[in-house]
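Here's the structure, in structure tokens; my notes come after.
Each chain gets a letter, A, B, C and D, in the order it is written, and its residues are counted from 1.
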């Protein structure tokens, strides 16, 4: 294979740039040409592409966001759309594409792979860490450290009144961020989508904490699927416990920032592996890491199988904080 | 004066510890004894006091929060309450007290000063920067840098869709944080309590930005006095402009964190000045800094006069960002 | 076992406090009593010990350093010294001790274990990551992120002259920090103690970079065993290449700071596991993590076997940066 | 004036980009055209210039370094060199130039102004803060906060042995960084070029600290003019006091990083003021801020007059730390 494409797709994640750099430089090293497709799959429709050489990816390893920009592309969801995209890639003599993103992005790749002889490999990059088959996704470590800093700051506040802080972190369908941040931040409670929330039990845990002499409690809440559920939870608790409750919604700030060492190293390793793979004819998989070893996960697994939250950790956290 | 007290009161602010350290060490240097009164004025009622020597304030200059803890004390609002507090101070042979806090805290000090021969000096410490007569309050610089980091992270996100980010910062009655963060963060719009919000105008400014090619806009919003007004604003804009809008509520995380150099230096200078002042019989004032020089502000001014927001800066910011 | 001790020993590492917290709270949860031994093994000689309950370890999970302080204890190196230490532990009815530190610390534990019926378990905590048998030690992740920040800042500087920056990181005998920081920071060269430095080759690599148009190059250097070898290297390169060279020596600042999420989670997991282990009669081992799973490493292995640096990563880094 | 140039010169400083943005956008707002001259004055010789519109300076307010790059230009030091530079500017129809840099940069501007009818205004930007007539230079606040973080990390280390840490900060000829960092970091001693160092007195201060029970002391040292003087000082103290001494050399990392709020606001204000000034025919001055007010400082003052270090602060710091 002489010419490959690379794109970033879905919600952006810190470390995507480090991955692009690794893909480009390792491909160039092996004599291949790399085309950067801009704004995710949308670049296949607008033709917004750019040749990437070694210099083009200089000084980006430390940058948040993605120099290629990202998007969610509606056109790719139809057969006609994909046909256009496939044609464009063929016109450009691009035989393989490294797709850096989440499971939604891999669906598009899988569909195009089925409908053509183009080769795709995925690299898991999303702050949510909800890609089946890999222990970590690119961006997760940065996001949890960002959220953790927020919690550390809240810990500093020293008002003498009893107070409950609700810190909403990202995670619509999964609680990986909430769990890790909760453990690392020593949160009193962690609310995740994987487990139904028992508000009464939450109140009694918090009440028990105040009884033992705690001045303030921190509850980490994954944003979940219901609009403003953290606000509602806070209102409920304030009303029931007659203590002041305060809400922080971290939102998109978790998606930005310079990637941590871990995210950059993971991005670099997976980027090299994906390039090696695709240049050697490997395709149809996501390149991940499990137990410290490279693994290839079939595209399909990433949306058909659900990565499980570590329930043991959830219990440990409560045991330590409670 | 041989023996002075020191307390922190109201919402806590980064740099309070640096100020306590300066008060204690400069007083000790001059041969005076310092009593730390815990949990703000509440310590006068509970008797929760502690002698502070040089070692007691070692290694705190960099810590957020306050080692003396803070509170809002209801008992001090009645004549009977203050009588008790005054008696307690007299029993302890404390002749003067350095009060580190905001204008609410200075009211209590002023009332006790009127009703006794005790001496009080204030040091302005609140992240809101809304104390009349001083250019900056302790904690403000740290809070704006914290909020700024959040905005920088949001800037990194690179989704290709049009989007408006609303970032709610602290400031119930004043927009100092919002203004400074907005300028430093290059925000498209800044919403402050000092100026009525014209939602239609906000929408047209944002629309104009999108028309010019902006992908995303950032609106910094002071929390203001109405519950959830940022949420409502975001809903309104999303509905009107048909673009996705996202909300971050920074909340109490702005109150924590290690103080910046500026806050530590300000806290140190004002702490030394307040100690010098009170040991030399100065009282009834807040020690502040205006135009780089130490000033003494009568207690009364801090709640009777309103510190004005710099309207010129507000306009400049829009000019640069628009 | 009803009563256990916990101590931190050797160079301190971020995350030690998170580990102490986990040991204390999980032990208390299981009905055991925990004694904190202060200043490492020295506390066994001075008797500087303190009972630790749940509250004693509140609000420390985010703190750098160690609340128990650390030291390197000479007295423990003699049989007589250890006899005294053993007696002290027996007097205190302490049957088992969790030792948080590096391989030097485990030697002391192993020797006492041989000379008594006391039980010891180790938890690997050192920023150097040079403990055989565990993938990561507590403190390593924080240290590399700290060093990485330094490198990112240097990258920002934009002088138009050709320049080589030498950044010295910790690592007397091992290059784990240098390697990880070098990869994550995109360094042009990484100098590690595991590999002899060929100054001529270094010069030719750097020269080649300048020839290709690089304005500045970054060389990450592990401090190694020779005094001021980074300074000497910088002088040499400046002289040979006729380019300006600049040196940063990060030194002890890599040992401090609030631990990252990863270090806190690792510290928490290993702390719980060590407590579980020792209360269940497990001893003579270090509790580590390999490939995501808990492992028990015999004390002896930690000083008899050498953890290997990943040579593949070293080459990859150069391939990407060169 | 219809067309102005802007350049950054000398050692780069965080906030230069925020200043470029303010110059460009406020000039465009007033109908003027802005040419960015790259690599400082060197761009006048190489012709490396670029038209800057509003979009060109989008998303740079938070970036360290300078998008225009910087240099020290030898050619400008001769009359012939300046003649060439002047011709180039005239060819380009550039009537005025905003020079963002330190006193060395203003010398070049002043010379060209004397030898032509071109107009120049300066904006003080250097981390050293050693520009006469302005209270602060752009970049100073960021640099001290960066250095401060390093000191805070060192404070965390908890070895029980007596130890002296020497932290070398930037400042060849002036001690502004050292002083501010020393006060904010609670350093035991501050070594500045403005005051001869008495090593015996340093030793006795440190000895006195150990005698009082201090475990470790931090000495902040401005780099000064002698090569490796911090290293030598550390050796001397180690030898004399028989305590371990450790050295951190922060070097260029102080020059990078995202600018603080204060630096961005200062850069924005001064950038707007310089543009206003030059478009209204003001020239031959540096635009600074003194006591919170805009001031115009004659170019000549910046190299003929020496900005004084605040000796009172130096003494205060020692009083508090000693």
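Rule of thumb we're sticking to: a contact is a pair of C-beta atoms (placed from the backbone, for glycine too) under 8 Å apart; a residue touches a chain by one contact, two chains touch by 3 or more.
Worth saying up front: this structure is predicted, and the values here are computed from it rather than measured.
Asks: Among all the other chains, which ones are in touch with both subunit C and subunit D?
Replies: Correct list: empty, since no chain touches both.
Asks: Using C-alpha centres only, name the chain that sits farthest from subunit C.
Replies: B
Asks: Approximately how many whole Å separate the CA-defined centres of subunit B and subunit C?
Replies: Chain centres of subunit B and subunit C, defined by C-alpha means, are spaced 39 Å apart.
Asks: Need the CA-centroid distance for the pair subunit B / subunit D, whole Å please.
Replies: Each chain reduced to its C-alpha mean, subunit B and subunit D end up 29 Å apart.
Asks: Multi-chain contacts in subunit A: which residues touch at least two other chains?
Replies: 152, 155
Asks: Every pair of chains that touch: which are they?
Replies: The complete list of chain pairs in contact reads A-B, A-C, B-D, C-D.
Asks: Using the touch definition from the top, list the residues of subunit C that touch subunit A in their complex.
Replies: By the definition above, subunit C touches subunit A via 18, 21-22, 25-26, 29, 55, 59, 61-62, 135, 141, 144-145, 148, 152, 155, 180-181, 183-186, 213, 258, 260-262, 264-265, 268-269, 272, 290-293, 316, 319-320.
Asks: Touching subunit C in the complex: which residues of subunit D?
Replies: Going by the criterion above, the answer is residues 11-12, 14, 39-40, 42, 63-66, 69-72, 146, 150-161, 165, 228, 231, 246-257.
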